[in-house]
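First up is the structure itself, then whatever we jot down about it.
Lettered A, B, C and D in written order, each chain numbered from 1.
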Amino acid sequence: MTTFEVSVEPRVAQSLEAMLLIRAFEEQSAALNAAGKSPSMCTSVGQEASAVGVMNALDERDQILTNHRSAGHLLARGADPRRILAEILGKSTGYCGGKSGSLHISVKELGVVLTSTIVGGELSLAPGVALSRQMLGGEGIVVVFFGDGAATEGIFHESINLAAVWNLPVLYVCENNQWQAFVHRKETMLADHISTWGASYGVKSQTVDGNDVDAVTAAAKDAVAYVRGTRKPFLLETYTYRLRGHMEPDPASYVDPAELQSWKERDPIATYEQRLLDEHAITPAELDAMKSRVRARIEDAAQFAMESPYPSFEELTTNVYA
Amino acid sequence: MTTFEVSVEPRVAQSLEAMLLIRAFEEQSAALNAAGKSPSMCTSVGQEASAVGVMNALDERDQILTNHRSAGHLLARGADPRRILAEILGKSTGYCGGKSGSLHISVKELGVVLTSTIVGGELSLAPGVALSRQMLGGEGIVVVFFGDGAATEGIFHESINLAAVWNLPVLYVCENNQWQAFVHRKETMLADHISTWGASYGVKSQTVDGNDVDAVTAAAKDAVAYVRGTRKPFLLETYTYRLRGHMEPDPASYVDPAELQSWKERDPIATYEQRLLDEHAITPAELDAMKSRVRARIEDAAQFAMESPYPSFEELTTNVYA
Amino acid sequence: MSTHEENAMTTMTTMTPEAAMAEALAEEMRRDATVITFGEGVATKGYALAQEFGAQRVRNTPLAEGIIAGTAAGAAATGLRPVIDLLFAPFLTFAMEEIVNSAGKLSYISGGQFSFPMVTIARTGSGWAVGAQHNQNNEAWFVHSPGLKVVMPSNAADFKGLLKSAIRDDNPVMFFADIGLLHTPGEVPSGDHVVPIGKASVVREGVDVTLVTYGKTVHSCVAAASTLEENGISAEVIDLRSLKPLDEATVLASVRKTGRAVLVHEAAAPCGVGAELAAIIAEKAFSSLRAPVVRLTGPDAPSPASFPLEAAFAPGADAIVEAVVKQVAN
Amino acid sequence: MSTHEENAMTTMTTMTPEAAMAEALAEEMRRDATVITFGEGVATKGYALAQEFGAQRVRNTPLAEGIIAGTAAGAAATGLRPVIDLLFAPFLTFAMEEIVNSAGKLSYISGGQFSFPMVTIARTGSGWAVGAQHNQNNEAWFVHSPGLKVVMPSNAADFKGLLKSAIRDDNPVMFFADIGLLHTPGEVPSGDHVVPIGKASVVREGVDVTLVTYGKTVHSCVAAASTLEENGISAEVIDLRSLKPLDEATVLASVRKTGRAVLVHEAAAPCGVGAELAAIIAEKAFSSLRAPVVRLTGPDAPSPASFPLEAAFAPGADAIVEAVVKQVAN
């Protein structure tokens, strides 16, 4: 046991390190894009607590569906940053052999079934994945991450209603980050909280501070226990904010600077770091060590991705059919 | 002034006669189908009070969208039974020249914009019709009739949310008749009342006894006044029951006889007749006269429709483009 | 008449295509516990099926085509083999996202990690006089979409055999059922009658002209061929059965023999299956062609409800005879 | 290069197709107060437009393609002329019901009581390396659907002129914008530059072979034609511009002259526009044909994100040259 491992509560350390890893990963992706070395991607900067908190509550049996802003979910689930970054660069070593690119990465071995970049596509598949769970047995549940924008697509209504009527074990996680590409959420709905929509379907729901990883972890654990036990859906809203533009590069000049600033002050990583330091749950030295580890992993990932080969031209037409 | 006109309160008489006309029309249609003289159609038997009550609250400025079960709405709006029946038979004298058949009748001169037999199609068009009202001026509002089944289509969610966010003057009338073709409503949703779904969108709503024409009229008048005044949407649910099968012919053997019986006892026409007789608002003789008038109109309509010519073959490809 | 291997001992049962589909589904559900079926009213209308396999495997759904198809795709990716019924082809418009972007593409996008063994049934074509929102022959949309297979049988035996193949296929299969045929009884071989996807059927041999068709117009072509024979013209009739993959070899072999092709279907001409056939022929059998290729299709118009107009929608035997006579005279 | 009448005094301005579309929309909104535009982020991205015409006529919408298209159809039927932006062609899958069943069919179904003057814009094609859920050339679906018009320009002038025509048209028009072209500047005639829907453009004259194409592959064909010229082969290049209605007359006149047709597009082959062209040619210019028709298209596969694979997706000039050389040798 090193001092580090003794002084920091393991889950807390894990949560912080996972969030740091996501942030570093996203900044690396964005940098590659800015340098003309990568196609566009959507980062999850500012939303790390939501990804990490929910993943903290899941285990191996569970399956995950997510959307275009999925790198955080994948990393929090334990995916290899090398293979994610390789996929973003369209390399053969990526999780999908380079065919997906950043927007639809799936990782079967981690239970990540079919990320969708069609907004709402993840919601359309979720009940079916849960139906497999229901019919093929086991205690696994399905978690589907979707945005506040996806909630305004009709398929949200159809998906959660079906899950309710058929008693499907789906945890709906709405990451309400206040933006839908270039449109503020308030332009798209009168309600402030998507969790309030659960009532129509007879689905229990809750909103949690999506910038507080411990709060998300606690809420997600309750929600997962409910879904796993009752085999019914639950709607968890993580209330958060997209701190970068919609996609890279996006100067996001349409964002109200005051609103952005107020959320920057609630950055889920900076506030958590500070809290852990204040509570002496972590020392500055430990934090530095953690950051170095993360930096090393991301640098290694970048190198791996950059050096990996592109797929061969035959791959253009393989995997069209099973 | 005849005795009839003095003794019966005009709106009450009108409501009863309108309901009788719808019932007689639907039974005539069904009989033509049973006799092999007409394609299949969906009748609104049992739901007459909803159609008549809502139409009682509208005026000429208003526009209407409806669905596959629209004959009642059309008749209550004042459409000519001859031309509706001709359309059902695919005759050139029908409102759409026979191209629509029973399922998508529109009557521009009466403000009936584009009936949809795609369940939910009426919901998808409604905000746009209201947007025209909003942008081109006037005090007209838009009423869209849809079923409880349509409410489970995603387009319901998208439509009412848009109407709420854009402040569109749409009165959403959900005719909750407990059936969705061959599926009972309870198999498709956990809620009993679709009106409760309005809250998610910030839309005011109400459920009314859809088998009581006076109650529907009163509720619809309030709703119309709200929409006309605020230029905001409103969701009115008329709770009722489909007394015939889904379409002709349909023995509806899947219907629970006890449930059917309990609703038959609440037949909107029989109960209203009885009430008016009990209250001496109408005499048996007046009622007989009314029924004769209705019968004569329907017989005339059937004759007109049967004798009308089919469209000429050139019509196969006209009106494809404007 | 189909090209599958038939045991000499095979006995035949007469049934409608509708009954043949029900039988195929029941047999496959017995064979494989992962086969399930759902859709609007599926459990009500498929009462016998629901009785045999229970409420878990035979389900009514809410009225929401998008989530029916999406749920099928999600279930297919994770171990089940769903058969969904979306009723009428125009209703597929509410499920395009799930069918095309998910079921059709995600095997490829995932680099082969996932596959989508699912069958989507839709009724299509004229014959019910209910108009354009219940009737549109849009099968070509799916032929034009990657990763899907598309079948459209013309007789009871093929309805059964193709549905069984579709259920066993590891890819998403669109199964189009021509309404006009559903209640016409036909002979179906007993037992495990399977018709391979991707094999056309030469339903009538001939040497002067090749009629390529599918669905209800197969019968118009066969009728036309009889009339043509009386006029001394020998027409070969090919029933495609599968529109994707399309049995190029059978079509090309026939056209190389006859030198003439008439392509017949109810769907509109522009970018339809007839266009695809004409292109394949003009590319690969050009030197055998003795006359211009001819397409006979439904009009490029919504389908009218009015009975006599609807009856004139799909090309009939007379029009086919006329076109062939003119082509042969050319 | 386009076939429209050009005033001798016309001056040219250089701009990207993206700017040309914005200019067309602004001009039409000035001209006609019933023209409105909405879509996801339309008001944010079209900031200048929103400033000029106000929040009523330039609107952001919720993220819901179905109701965007449905609202356009409802508004079009009752006095407005909406221009909607559905972003990327794969997202059209969420709006098929409204576009196909309502906007496309209800004029007919209503017996001509209503019309649907609306324009639906969607971006399509490779060039952004974001994969198959943002990139599918599905324009043929709409060509195959009754009551719609479909255009897909290849240069800045046509982007402007066709968008103006589309807005003035009383029918629903699908406007496909090839992503790969949007940022390539070109010359646009100043003033009210209108390009009629349904007229192809002969962008290069030739006598040995006709290349028929649209969208980004117009440029590959023009490049191929230059190379071919060096090899003594004179290729005519036709830019269809409109896919529905399709300018048969221009295509047939050219093929009757050259006797050879090569059909080129990025969309998949099966039931694509190339198939339709091949069919028209095999039906109506058969006797002029000196060689098999050839199609060169993107693969029948979802589009890969990986940059080099994506770059190989659409047929390039080299492949076109090779195909023509082979065809001419035939």
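Criterion: contacts are C-beta pairs under 8 Å (C-beta built on N, C-alpha and C of every residue); 3 or more make two chains touch, one makes a residue touch a chain.
All values derive from a computational prediction rather than experimental measurement.
The chains that touch chain A as well as chain C are B, D. Hopping across touching chains, the smallest step count from chain B to chain C is 1.
Centroids of chain A and chain D (each the mean of its C-alpha atoms) stand 37 Å apart. Chain geometry summary: the mean Cα position of chain C and that of chain D are 30 Å apart. Taking each chain's centre as the mean of its C-alpha atoms, chain A lies 47 Å from chain B. Per-chain CA centroids place chain B at a distance of 42 Å from chain D. The multi-chain contact residues of chain B, meaning those touching 2 or more other chains, are 98-100, 104, 116, 118, 120-121, 152-155, 158, 161, 165, 187-189, 320.
Multi-chain contact residues of chain C, defined as those touching 2 or more other chains: 61-62, 64, 66-67, 90, 93-94, 97, 101, 108-109, 131-133, 146-147, 300-302, 304. Contacts between chains leave no pair untouched here, as each chain touches all the others. On chain D, the positions that touch chain B within their shared complex are 34, 36, 56-57, 59, 61-62, 64, 66-67, 69-80, 82, 97-98, 101-102, 106-117, 146-147, 149, 170-171.
Residues 40-41, 44-45, 60-67, 90-91, 93-94, 128-134, 299-302, 304-310, 312-313 of chain D touch chain A in their complex.
Contact residues of chain A toward chain B in the complex are 152-158, 161, 164-165, 187-191, 196-197, 199-202. Contact residues on chain B toward chain D in their complex (touch as defined above): 63, 65, 94-100, 104, 106-108, 113-114, 116, 118, 120-121, 123-133, 135-136, 154-155, 158-159, 161-162, 165-166, 318-322. Per the touch definition, chain A reaches chain D in the complex via residues 39-40, 90-91, 98-104, 116-121, 149-150, 152-155, 180-183, 187-189, 254, 310-311, 313, 315-317, 320.
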